[in-house]
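Two complexes follow with chain A in common, the first pairing it with chain B and the second with chain C.
Let's look at the complex of A and B:
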């Protein structure tokens, strides 16, 4: 806009210094196209550095990763060569053990996403529709507060809470959960899902909160007015209207969970393997090409997920 | 409440004519914190009426509507529908449907599913739902729009979908919360005619909230005028306009000259506030005989406003009082600011109103 105003000012200045120009038709057209060219040049020079950064650093490194997946590992030096092979891909995409890890990781990411949504919807409902307005901002800040704490600190905190006591060990009472409630899920998949839900919940809370705030009160009233009891109103009206917000949040919770490897490593003491742990172990083997092949899994799954979310309308009105 | 207005008010309250009242409000109050939004309202609306709640914003008319719908629970008093006490009944158990100010159409459903929603919730079979929704969409002239999403409709079309969605359930009462407020003037006038025609066709009691006095007068069988959470007057549009019960009603419904006690005493010899409609007042040349009889008072023209077909002249009759006179532009032609004139108030034109 500012650019255009600037252009307009310059054009009228041109006219002012050339008073005797009587033929407005073709000249005005030429001036206009010149203005457009200048605008595009300015826009181009503004956008080139960040676009170049994105292409070279971000997409470039991703392409390098994909390329390595097609390289043969030199068995003697344990370094990737440049001779092409499909062996890595075949292993990563057909070996049953690996497929199981991938499948379990996807299920865990789905569970984390569902759990986050099930927590976020009622919580944001209370905050956005029941709490007095002046309290809301504080609560939203509280949503985000856990993001300021270190990732590892939170991982070890959950490990400490989830620890089960042992009759023969030093620690008989166990962690917070067991000593308080008498039960802890221990260091299995449930522990991973709980910890990941805690970690990524803020990313679900924020978009759902925004959606909840934008949900017109009159829609809820209209549904009740037409005879729908509260649960029916929630199912038929509130949830469908909130769905794009939930889908937007799920993109974060799903992809962040799918790619995680520290939670399984730290919290479960490597009893649970996710795709990230597979990559880590293979990398340390060291088998760089196979590790690169494994990284294609989350990449493909998340692209598929994003496409599905776009089809579901998650990117409309966000 | 109405009785409190004294003789002037009582005269203009006409009792509901047909059958048992569809809606009855008994001593209804509603406070939000310290503020009393509705401060003691008694009202009886007969079945089949087109009843308007008229008043400025913040006068409590919408709160009254929301209490009839069940969105608000009165702080005190009772709401009766068809003689049944529904004061604490939730909206989904009341045989009442609402057309919302912002229409509140469900954005993820197409027009047909919006209209069918109330029937779906009540378990009406699919074939009957489809038939009734189709019929109702034809009544509101949206037959070809059933598969559209609300976002693909214009304001007037959305308004008619909201109307169809409410009416298709055959409620005892239809509540309309300033449904024409968001439309432009031409569309609003069309919808006024259409709404009245639809009401006649379906025969359902309409309760219509508006702050537009023209709308209330042109559409309603009866009007309740609200001010500060109370009803100032209930009556037919003609009663409200011709015999306003209070200075507020006189000023709010149409334009009016409200004359204070000193001027009234001087002109009419009665120590009470009077109201005179600008179109009932006659303008005559100063000191010259005129065929119109009435109280005659001299003044000076303070302002002349040409409005096309009509002209509005403001005449200062003393230091404080200005009388507005409206007439056809033809008859008021040639009146100049600063010229002395006589104002004639014919007998029967001034009305005594409660201060």
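Let's look at the complex of A and C:
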């Protein structure tokens, strides 16, 4: 309410000044316009390099990538030719086996996202609401610590932990999971989902933690005073407030998981294929046009996902 | 301006002296062990550029023989390991590498794409002593002109766990028909070229398909091979691409049988794995590798020196023994640390190689000479393999 009032005041102030703008003398006007030009120049020189970078190198290469998808492959030299074809797109978007890979990748990315959210909400609740203030910063740093370790190190660490023992092996006990808990999911989809969740969890924890800190205590107390049980309070009061933060975090967990190709290769002994693996092996074939056609899949899915998350309010609160 | 010129001259002089001393140093001494005779002198007509970037199979450029090379020529060796022939073709297309140790299924694509150039044997003193049955083959020559220096050859072997399979298998049936304790613990090479292994097995077990060359498959024969691979999926636990992945799986015991390279067997055995490897009775696919010079080489002289060095008796013996393959240079056999190496790997036995089918790129024109049908080209092999694996 107070904010709204401030805004109104500012608006009327601007209106009051604007009609008066021409009134100062010509010298003042020139000074003003000079200052104006200078500011634009400064702004322009500041913005031109990054915008050029974005347009030429980032978007330009993306367009070049998309363009290759429309060219035929020369079977003998395995280089793209310049003769146009829709065959690559037809393959990438209609062949059943490829569609199944795309579907499974999306499901895996959704599973990783849900799992991350299910871990992030209670954990950040404890940290932001229960832990004493002086400990919070340390715990948040701890959330982020795994990001300091190398990606490949973590991938192979998970493979080592997931390894199932064999009586014919040099080391018969199996990895950490089996030797400690007596069970390991082995090298399959579950392994992919667990490893990806571990990898991208920090990206969910951080926005959800911020959202949790902003959740007003008064709302929770009011809900309790009005007789709501904890679950009801969580579902009808806390969750709607947290949803934009979860949506923001999910953009990271979803898109990073969807595009990953190293984790599925490492923790499943290359048995499981995700979209990224399709792209990788087609690129190495080498069949650049078909690989380019495959990359359109994650591109389209992510754009659709971003639009959905904007509707969920992911871009309003972060 | 003048100052800068002077600095330049000084630097050039220094460099000249440096290069001079480097190339003048013939066989250096290697520490306390006394001088090693490397059986090679760099071709004095080739002045090194200081470095070379090469694409290799794992184990083809180890320090034991890259270091003496650098000492003798002043050419630092920057090694990029590739995991498959397809990856080698893709890397060579980038134009950032000077040379590649290409197998027969890559060489044809490299030649067709003008990624590599013909060599002049006169520049490579080692070329004269290469086994004749490796020279001027369909995969390493064009119109009777050599396109590279043969490196060595080997067969893709059947590896098995000696505790799980107590009676040693002698057939690829372990991997295709199953019915052994290794079921569910099979390790398969993850490359389209592996389709030829299935075709090779069908060649022996399904004579009615009339396969005479595992790289020349018409649609019916090709579909039969794919169906066999589809069936194999049920007992497979691993598709390996990076050799260390199979090595760890063999050591860990999650893989009990699979298709392998001798170098993996050597490394896993050294770590205590209870395994052995055989060439089954059906024969095997294999490789005959050729060092090829990039058409866009930025350091052609260093690359040529390297190609001559790796095919020279001492270095060729080193790499052949490390990787576990037959050397290409006949004089290498006298210099291996295991005097029986060449016998073990059948380096000079033409008969042994009769049922080894070197990796070759499948083309529409059947490689076995049939003209009444068209064969399935390699690009289709790639698509079929991706679909099979998806």
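Methods note: the second predicted complex is superposed on the first by the 275 of 318 C-alpha atoms of A that agree within 3 Å, B and C clash if a C-alpha of one lies under 4 Å from a C-alpha of the other, contacts with A are read in each partner's own complex, and residues count from 1 in each chain.
Here is the rule we go by: contacts are C-beta pairs under 8 Å (C-beta built on N, C-alpha and C of every residue); 3 or more make two chains touch, one makes a residue touch a chain.
On a predicted model such as this, the values are computed, not experimentally measured, just so you know.
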item: Joint occupancy of chain A by chain B and chain C, clash or fit; value: fit
item: Contact breadth on chain A, by residue count: chain C or chain B; value: C
item: Which superposed partner A:296 touches (first chain B, second chain C, both, neither); value: neither
item: Partner chain in contact with A:65 - chain B first, chain C second, else both or neither; value: neither
item: Which of chain B and chain C A:119 touches, first, second, both or neither; value: neither
item: Which of chain B and chain C A:232 touches, first, second, both or neither; value: first
item: Which superposed partner A:241 touches (first chain B, second chain C, both, neither); value: first
item: Chain B versus chain C as contact partner of A:222, first or second or both or neither; value: first
item: After superposition on chain A, the shortest CA separation from chain B to chain C (Å); value: 44
item: On chain A, positions contacted by chain B and by chain C; value: none
item: Residues of chain C defined as touching chain A within the complex; value: 84, 86-87, 89-90, 93, 109, 112-114, 161, 163-164, 185, 190, 192, 236-241, 245, 249, 251-254, 256, 271-274, 363-364, 377-379, 382-383, 386-387, 389-390
item: Chain A-facing residues of chain B, complex; value: 69-71, 90-92, 96-98, 100-102, 104-108, 117-118, 121-122, 165-166, 169
item: Residues of chain A that touch chain B when the two form their complex; value: 216, 218-219, 221-229, 232, 236-237, 240-241, 243
item: List of chain A residues in touch with chain C within their complex; value: 73, 75-79, 91, 95, 97-98, 100-101, 163-172, 187, 265, 269-271, 273, 278, 281-287, 290
